[in-house]
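Structure first, commentary second.
Here the chain labels run A, B and C in written order, and each chain numbers its own residues starting at 1.
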Amino acid sequence: MSAATLRRLIVISLIALWEILPRAGFIPELFLPSLSSTLAAGWNEAGEYGHALAVTLYEVAISMAFACGGGILLGAIVGSLPRPRILIMPMVSSLYAVPLVILYPVFTIWLGIGSESKIAFASIYGFLPTMLATAAGIQTIDPQLLLAARSMGATLSQRLVRVIIPAAIPTVLSGLRVGGALVIVGVVVSEMLISSAGIGYLISRYRTILDSPHVFAGVLLVLAMAIAFNAAIKWIERKAAIWQTGTRAGQSAEEIAPAALQPAT
Amino acid sequence: MQSGPGVKAARVAILVALFAIWEILSRTGIVNPRLLPSASDTLMTLSDLLQRASVRKDLAVTATEVVTAFALAVPVGALIGFLIAENRYFADVAKPLLFFAFSIPKSIFLPMFILVFGVGFAQKVGFGFFSTIFIVIMSTTTAVESVKVEHLTVARSYGATPMQTAFRVYLPSMLPVLLEALRISMIFNLTGIILAEMYASRDGIGHQIATWGENFQMKQLLAGVVMIAAIAIAFNELVRWVETRCSHWRT
Amino acid sequence: MQPLANITLLKPAGAIEVRNVGQVFKTTTQDVVALEDVSLDVKPGRFVVLVGPSGCGKSTLLMMMAGLRQQTSGTITISGAPIPEPDPNRVGVVFQEASLFPWLTAEENVEFPLALRGITKSDRRARAQDALKLVGLDGFGKRHPHELSGGMKQRVSIARGLVQDPPVLLMDEPFAALDEQTRMTMGDELLRIWAATGKTVVFVTHSLTEAVYLADEVIVMSPRPGRIVDHLQVSLPRPRTYEMLSGDTFGSLRDRIWRHIRKSA
């Protein structure tokens, strides 16, 4: 059997087991409601989930602009200037070890429990890895390319527009992927902790009344969001695949990403 | 990365400057001191907190959870990772699944752990384990793959036994990657446990921080943030220091 | 395959005998014949070079002489006995550049084969010192591979191959990764070491110049399937000198090999 076939079988049987095990009573519905009852719960409250999704997406979109925009910009600057890089990067990666979730209570005191505190938290949560990934990726641009451009008399701005930016695209995308995934996590986690709206809030509220199917409907929705985001980035990456040869040793974005592993819990 | 004494001094200076700005903002009232207590106040509160029996107990609880989850996740994850990496077919089947499991957010499953384990030690450890194991598996497979075929051939050509190959080739080849994995896994683990404590808990330092936040006890809250950040950074730097000590292995 | 006990007495240490050896790689779709009916005699103390284009099976043949791979048909004996698995007392192997352990110092690398045998530390150290002195690396024992140049690394590899004093030294493109000058120097060094130790050397290379310069005998192989197409005696006197490179004898030998290779490539 080919590996791909077996993998598909595993996925299908996992989904089947999700339906069968709770139904047959091997797993209490409280722990894991069956797939069908989860979907039914979500469908019945479609309006509520839809509204929550809108709130969450709004927060995700704004946080992503801050986290990815800021992270890519600063990462590109720090990554391409040797001195700041040597000075700052080790500090940034130390900071990366801190469980940032402890900052969320601080933001709720400063900004209240509305969208602002979520956006602030998720932006910071996604910012650091995006910056690290971008800075690391900028360094992988083949110096031969820059040398060649200089030998042809390219000015600094020409080199930036015609060499650095195109060569950095895979890096920027991998930064976007890492940062974006984290922003989703950041928004949902902060909604789960203290909030009054959004999918995370719904998950927590249904959890306190032990309504498992509704909890899982929320979980499924977040999963769908994360998967859709990943798929979108992958699609863009494929479109931009042409550029990936611009990095040293043909390093692809896929390989750069794990270098800045996401503290996504 | 090589860094001379000048760079280190500059880093300390940046750190001192940040604390100074924090102090000035609060002291001069540019920022409301009730929203941002000064750095000195926060540090005083921190030393105060560390004297308190209740805070020490919370720290001990968290430390126990962190260590337990880590002690379970690392060997189990390493074993699974090793088995996957050693078998091509397994690797082909499992890798995309693992990569998927790795890339989805883990925290949304936190409610499931509460539904299954209730609120307590097992739930924290369970969630910490769950947050950590995928990264351990992934890093172990990377570590095994980092063993060079040439080195294995050399060992074989000089008649090494499987045990000798394991200890003299696999282990030293994998060590730098494993150390890095250890460091990253601990970040995941700590984040998982603290989040679980903040979400629903009766004790632990994460719970304490959440409570200070709810009660608007800004000084204690900031002191707690500084404390956890310091502990996390200290562990991280310790492992990185060990990593650089054997950095010549990488080449 | 063990009625060879009495033959062993007749075959002096260091003789290599290859009889009708074939190697077939089975893949899922088809069988690939890597070597077909290869026979070869190497007398003790000779310097034999295997040349041929990529895919002619020269490295495969070498790996089989080292006991690292088993032939599909035919027999190979080293010092009169078959070599079903690596035997460092009979055969030392020198690989391409990447084969030193980066976490061990030069002398620890040389000691590695001895450490596997459980030889005491002081004994090991003394023998490693001797081997390092032989290859001209006296005083470099405490350095790690990354602190050594490419040529020095290969000297360490040769020392590692010699440390157990096997009668046969097999070398798989050992200088392929070195620059031209270093390569020439290392060739002279190898000839000096060979003259000092009297080992049987089988040396695989791509370089025709290197082949003729080093060898007593050159074995030319052709691919698909791998076969021996020519066996040349190099009559140039020893010690070999740089001036010989431009001589007629050298040129005609080199030409003869080149015609074979051009035909098969």
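Convention: a contact is a pair of C-beta atoms (placed from the backbone, for glycine too) under 8 Å apart; a residue touches a chain by one contact, two chains touch by 3 or more.
Remember, predicted model here, so these are calculated numbers, not experimental data.
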| item | value |
| --- | --- |
| Interface with the most contact pairs, given as the two chains involved | A-B |
| Closest chain to the centre of mass proxy, which here is the mean CA position | B |
| Most distant chain from chain A, judged by the mean position of its C-alpha atoms | C |
| Averaged-CA centre spacing for the pair chain C and chain B, given as whole angstrom | 48 |
| Centroid spacing, where centroids are CA-atom means, of chain A and chain C in whole angstrom | 52 |
| Chain A and chain B: spacing of chain centres that average the CA atoms, whole Å | 19 |
| Residues of chain B defined as touching chain A within the complex | 1, 3, 7, 10-11, 14, 35, 89, 92-94, 96-97, 103-112, 114-116, 131, 135, 138, 142, 183-184, 186-188, 190-192, 194-195, 198-199, 206, 209-210, 212-214, 216, 218, 221-222, 224-225, 228-229, 232-233, 235-237 |
| List of chain C residues in touch with chain B within their complex | 66-68, 85-88, 91, 93, 95-96, 98-99, 101-104, 112-113, 115-116, 144-146 |
| For the chain B and chain C complex, residues of the former touching the latter | 148, 150-151, 153-161, 164, 168-169, 172-173, 175, 246, 248-251 |
| Sites on chain A touched by chain B in the complex | 3-4, 6-7, 10-11, 30-32, 86-87, 89-91, 94-106, 108-110, 181, 184-185, 188-189, 192-194, 200, 203-204, 207, 210, 212, 215-216, 218-219, 222-223, 226-227, 230, 258, 261, 263-265 |
